[in-house]
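Letters A, B, C, D and E name the chains as they come in the text, with residue numbers starting at 1 for each one.
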Amino acid sequence: MNFWIVLTVNSITFGGLLFLLASGFSLIFGLMRIPNLTHGSLFMLGAYVGGSIVIGLFGFKLNFWLAAVLASLTVAALGALIERFLLRQLPGDQLAQVLVTLGISFMAADFCLMVWGGDPMSVATPEGLGGFARAGGAVFPLYRLAIIAIAVVVAVALWLLLDRTRLGAMIRAGVDDPDMARVVGIRVSQLFTIVFALGAGLAAFAGIIGGPILSVYPGLDQDMLPLALLVVIIGGAGSLLGSFVGSILVGFIYNFGQALLPELAYFVLFLPMLLVLLLRPQGLFGRHVP
Amino acid sequence: MSEIFSADNRLRFIALAIALAVLVSLPFWVSGIYYINVGSQILFFAVFALGLNILVGYAGLVSLGHAGLFGISAYATAYMLQHGFGHTSAIMMALVVGVASMALFAVLSLRSSGIGFIMITLALGQILWGLAYRWISVTDGDNGIPVRGRPAPFGYSLTDPVHFYYASLIVFIVAVAMVFIFVRSPFGAALMGTRDQPRRMNALGYHVWMIRFYACLFSGLLTAVSAILFVYYTNFISPQTLSLTASAEVLLMVISGGPGTLLGPIVGATLVVVIKTVVSGFIERWNFLLGAIFVAIVILMPEGIVPGSARLWRLVTRKRTAAPPAPAATTERTP
Amino acid sequence: MSALTISGLNKSFGGLHVTRSVDLDIQPGERRLILGPNGAGKTTLFNLITGELTPDTGTIKLFGQDITKVPSRDRPHLGMARTYQIITLFGKDTIIHNVRLALLGLSPMRWNPWTNLRRDDRFTETGHKALARVGLSHIADRPLSQTSYGERRRVEIAMALAQEPKILLLDEPFAGLSIDERRDVHKCLMAIPRDVTIVMIEHNMDVALEFAEHITLLHFGEVIVEGSRAEVVADPRTREVYLGH
Amino acid sequence: MSRKVTRRKFMAATAAGAALATFKFPAPAIAQAAPFKLGLLTVKTGPLAQGGIQMEQGVLTYLKEKNNTFGGRKVEFFSADTGGSPAGTKTKVQELVERDKVDAILGPLAAFELLAITDYIAQNKTPMLSLAGAEDITQRRPNPYFLRPSATSAQAMHPMADFAAKELKLKRIVTVSEDFAFGHEQMGGFQETFENAGGKVVAKIWPPLVTPDYTPFVAQIADCDGVCQGFAGSNPLRFMKTYASAGLKYPVVSGETGGDDALLRIMGDEFLGMYSCCPYTLDLANDSNKRFVAAMQKDFGVDPGFYAAGLYVATQVVDEGLKLNGGKSDDRAALTKAMRSVKLKDTPRGDLSFDQYGNVIGDFFIRQVAKEGGKYVNKTLKTYKNVSQFWTYDEKAFLARPVYSRNYPPVKS
Amino acid sequence: MATSALRLENVDAFYGDSHVLQNVSFELGEARMLGLLGRNGAGKSTCMNVGMGLLSARRGEVSVFGEPVTKLSPEMIAARGVALVPQGRRIFRSLTVRENLIVAARKPDAGSKHAPWTIDTVFAMFPRLKERSNQMAAHLSGGEQQMLAIGRALMGNPRVLLMDEPSEGLAPQIVAEVMTTIRKLKESGLSIVLVEQNPNLVFDVADDIVILNTGGVAVVSTPAALRQDDALLRQHLGVF
């Protein structure tokens, strides 16, 4: 009984973390049609930068939350540079975008190795969240529950941004019909840089938030990227709801698959992605894009 | 255009003869078996890249799951040998498994093209990786499967690195010849037609799906062949061989050299293998270098090293005798 | 027997009804012009005839054979060829190779992976003949990227002709051409023998009217007027569609 | 930022190595002046990198102590990063053997890396001293060129199981370890001895080597009075954290990697009270160890653990073996034989000798994690002397049984 | 003469290799309405796209109130006071009606004589849009979509309005409504180019007429003159 409860709660927390990661991927893939394979690297970079600030590796120390914000901003700026100087050169050429982002991910992985070495970095749980919540004989770490809350907050904030602000409407207009958006005076290219930076910042934020659970180590990027891909393809690119549902779904498949079907854990993990691609290519909540 | 060398025939013949002579004589002038082994790796990775190039270059279908196919053939070989079968049956089984998996891949992924194809092959590749990694009872997971010994065709043991090099060279030459003939054949022309204008090809009476399917099988065959050489070379197979990074690496070979050319994947394979093995001994940040090369090629020389240098060469030698060609637009819109 | 018989053809995308109960009957050797303003459903009708789209209801018969369910790739083998309004050629290849592909499409040779296509004289010779019909055989070996727009239009037609079709569907063969180029294309079309049935979509009436003896006017996916050139031109409904009275 | 000695940096630092930094084709060697070439296969990336970096530091510490000279011969040191993958190990071992033509190889780290190259090593007749598990290389499929101066995977687990059953009085244990050869063999050895002593292994859980989140596995731990974890590299940290955050309180026992001294500086309270058994312990009070620990702290700013000590000792064995062989390294078989005949007293791990298969016979220490003066320490509770890879079992009977594996011994229902 | 609101001078434009506009020149006077006529494929929409910067002229010059804009991007041309009601309306389908208007909002120029357009004034002009302000634009009827497209263009407070076949695909009654709106806009002092296939709609409202035929300017005239010249109309617009 305990086993089921713990695993269920963990599926949701893991799903929450995945949402933080995948929502940025979904924004970039869904809105800009860029299959950004650096997303895992941005996640890892965020975790490293954030973790380093927390333990004072750069000569100054900040608390966990400030470090998270600073790391996200740093990586967002990096994302803006990548978009501006590399991806901007390849409008609409998805193959070239796949290749360039892959190349950048090679470089990023090696860069992290150079700066932080092979030693894993463990990020301490932020103060006040080290405790437990108990319910019905099961024990839940507070920090993991906090991740659920953070994911919900971020989801709502993103939804408000995209759905309730002029900026969000402009972004959606730019996606709907970039030419017309420019005709009505929207600077679409600038907007896309913002979207890419936002996505990158979200990935970095997910990285640092995940730090206390996953810790940071070389290869983290390659572990997370396929999960982000899974979520977005299952949920539907560009759909916030899709990312949310997809994340929780993948959280469940991942946790229960590992525990109940260890030999086929990765098979059952990627099978839904294949099924969705074959049967509903736009994803469960995606709009069909011809 | 599928003309590989645009120079005249005699020049082409001389270049070919020199290349062949260099390859055949390599063991005599390279000191140390280390570099001979690097040569073998270049040869069988070139076969792998040639196989992927059938899809990427000639069919316009970009696969990010080819390492999975490569791995499944390698595992098939290792599994058969581990279970006491001989080399012949292991190799046969690997070929059958490789081509059959490719057929399954094709049936699932040919429903779409473009980014959809990339994503489906990526998912399939990850599934195979996941099976290799976690289906412990068959693959022994991270431990991998060791392969003991190499075959000795006609009593010529491939355990000797030089012998293995020549075996790889023969396979490589056969593969290059096959691709060379294929590209010039009517079917090759049809395949390239489906790459450039699938809709038009359909309207001209071609069965686009079937053409792509057969191309996949050919690609799968070359992939399986290279995987067999690989597994005998390393005498070992483990899940890392099937990873997304491995798929990306072979794609890098094709793209960097020049997709849709015969020479491109060979040059690309040489580049990547040399950076991975030789250069990595001197430059610690070789992974960074590989990524940087990747990015630079896509941005600066999107057609790849071979066509890119050919273009530069023409620019230098011909000094603009002809008017600059118009952009090769194939589809125009009218208002 | 009619060359092409279409009856009760309907097609809608989502809620949009683009083809409404279209009936057409085209005799062998006929030159038929399909007219209509933008969005009248002309290209959709072509795509239904060639099988690139599947009709919701209705049947299409080619020389009496029901081809409604025949896949589009098999229709060229039954004697149907088409050109595209948006030029759809193999831009990286030579002109002759474009025509060769058209010829190869109908030959069992297309599955052959070992002979050298370029050395196959049959395709090259026949290809040259087809190019001669559109006046391009002298530049057959020129890469398509170095040809003019008008020449490409003619390559489109040469490819269709190379397939020796019994019925030829031309989708705006004059679109985007200059006056001189238009004259060249017109000449090519006039030279096509009468055993080929031709159905043409065209906006440009100056040339098209000269060419077609039968006209079908489509509007909002429906056949509004059909008849001889004079009848359609005189019909007040034509005037309404075009001049808005 | 981690302090890493890269290959290039080190080469530049050693006089003999300076010339090697450039591309070179091998020149004919002049017998006397020829330096002794020592290769290292280690892991500097991925979850095992934590140990791999210490391995290199262990070698460098010994080389520095001996001024890069073994019995009058200069030592040229080649270090290669396998990336923790079998395929990478194969490539790198070829580089060391075929290109650099090393006389002996230290490493690799992991059993699954070793398994990938053991045939190659035998074929190429290069002495290899590894701390990797892979039991059978010194048991049922011995490799004449192989030495293991550290421990087989199960060697530390036999005493640990003995201690858990007899002194901790544990009855029912769940084992958790990485799903690869080292983990399988560790847990097999633990189970065998633990069940012989009257305990019972109720479940064996196998997370993959790379597991972002251990919760799905930790959630399966139930119905027991103790846990045996066999994680390696940095994984013990992440496992123990998840274990504690799931609120589990069962006592935990572990092997040399699970409670490695090198992890002490990054441990948290979740480790307090954990037992481990190791062929090396930081608090061993002999001269050799004091010298070693001081040098490691001075040069690298870290406390050494099992990986650093293991490689320090392995290098020591190479040095001694070369001396016993009269400084000659051309006859690799003789060199290997000489190394296997080495008997050492003054090593950081205490007394050491080899059995006929090239595996170490030495002391194993049971320790417990405690907190002293704000720092975590492993306090030695008991020392098992002269433990062989066969523990107390009869060698013949032991070898007649299958090698420890994922399913051997099986879990009895 | 006062500076023209929009002027195309000797413009050549291409889609790929297809030469769509050949040496096209015409100008729109300030506060006037120019009717642009021609058959399908004559190049009318291309003129609008060139004017808006969606397609850049390969030769020739485009200027807005005397300022050259030939090489400028659409958003920069929009900032100079040009707005487009495109063919096919091309409203942002996944945005609500209100959002469609909000994203296009731009403050009027400092010297503007007219009361600026705001959501409220647009809604006042098209009460039906107000009723549907929170609906997805994709769910609007064709006529409503056309109103939205016009409203969206007005939100940018343009000085020049380019309208590309606003009557296309609409029922006659709706067409009349749209034409009434256009007339009002003209009276408010906007300079307008109205592209139509249907000459009679244009004749009622336009001050000047330009007829394009196969990518070139065939006729420059006035509605009054053209009403008299049926032959000319047939030659350039009719089926014969």
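As a working rule, a residue touches a chain if its C-beta (ideal position, glycine included) is under 8 Å from a C-beta of that chain, and two chains touch if they have at least 3 such contacts.
All values derive from a computational prediction rather than experimental measurement.
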Label of the chain whose CA centroid is most distant from the centroid of chain A: C
Longest centre-to-centre distance from chain E, chain (CA-based): D
Chain A and chain E: spacing of chain centres that average the CA atoms, whole Å: 44
Mean-CA-position distance for chain E and chain D (Å): 78
Distance between chain centroids, defined by C-alpha means - chain C, chain E (Å): 34
Intercentroid distance (Cα basis), chain D paired with chain A, Å: 37
Residue list for chain B, restricted to those that touch at least two other chains: 133-134, 136, 326, 329, 331-335
Touching two or more other chains - residues of chain C: 149, 152, 172, 175-176
Shared-contact residues (touching 2 or more other chains) in chain D: 179, 206
Complex contact set, residues of chain D against chain A: 1-4, 43-47, 49-50, 52-53, 179, 206-207, 210-213, 215-217, 219-220, 222, 234, 237-238, 241-242, 245-247, 266, 268
For the chain C and chain B complex, residues of the former touching the latter: 50, 52, 72-77, 82, 84-94, 97, 100-102, 104-107, 109-118, 120, 143-146, 149, 152, 159, 163, 172, 175-176
In the complex with chain A, residue positions of chain B that touch it: 62, 64, 108, 111-112, 114-116, 118-120, 122-124, 126-127, 129-131, 133-137, 243-245, 248, 251-252, 255, 285, 287-288, 290-295, 298-299, 302
Residue ranges of chain A in contact with chain E within the complex: 166, 169-170, 172-173, 175-177, 179-188, 287
Chain D-facing residues of chain B, complex: 31-35, 37, 133-134, 136, 141-144, 146, 148, 159, 161, 234-236, 238, 240-241, 276-277, 281-282, 284
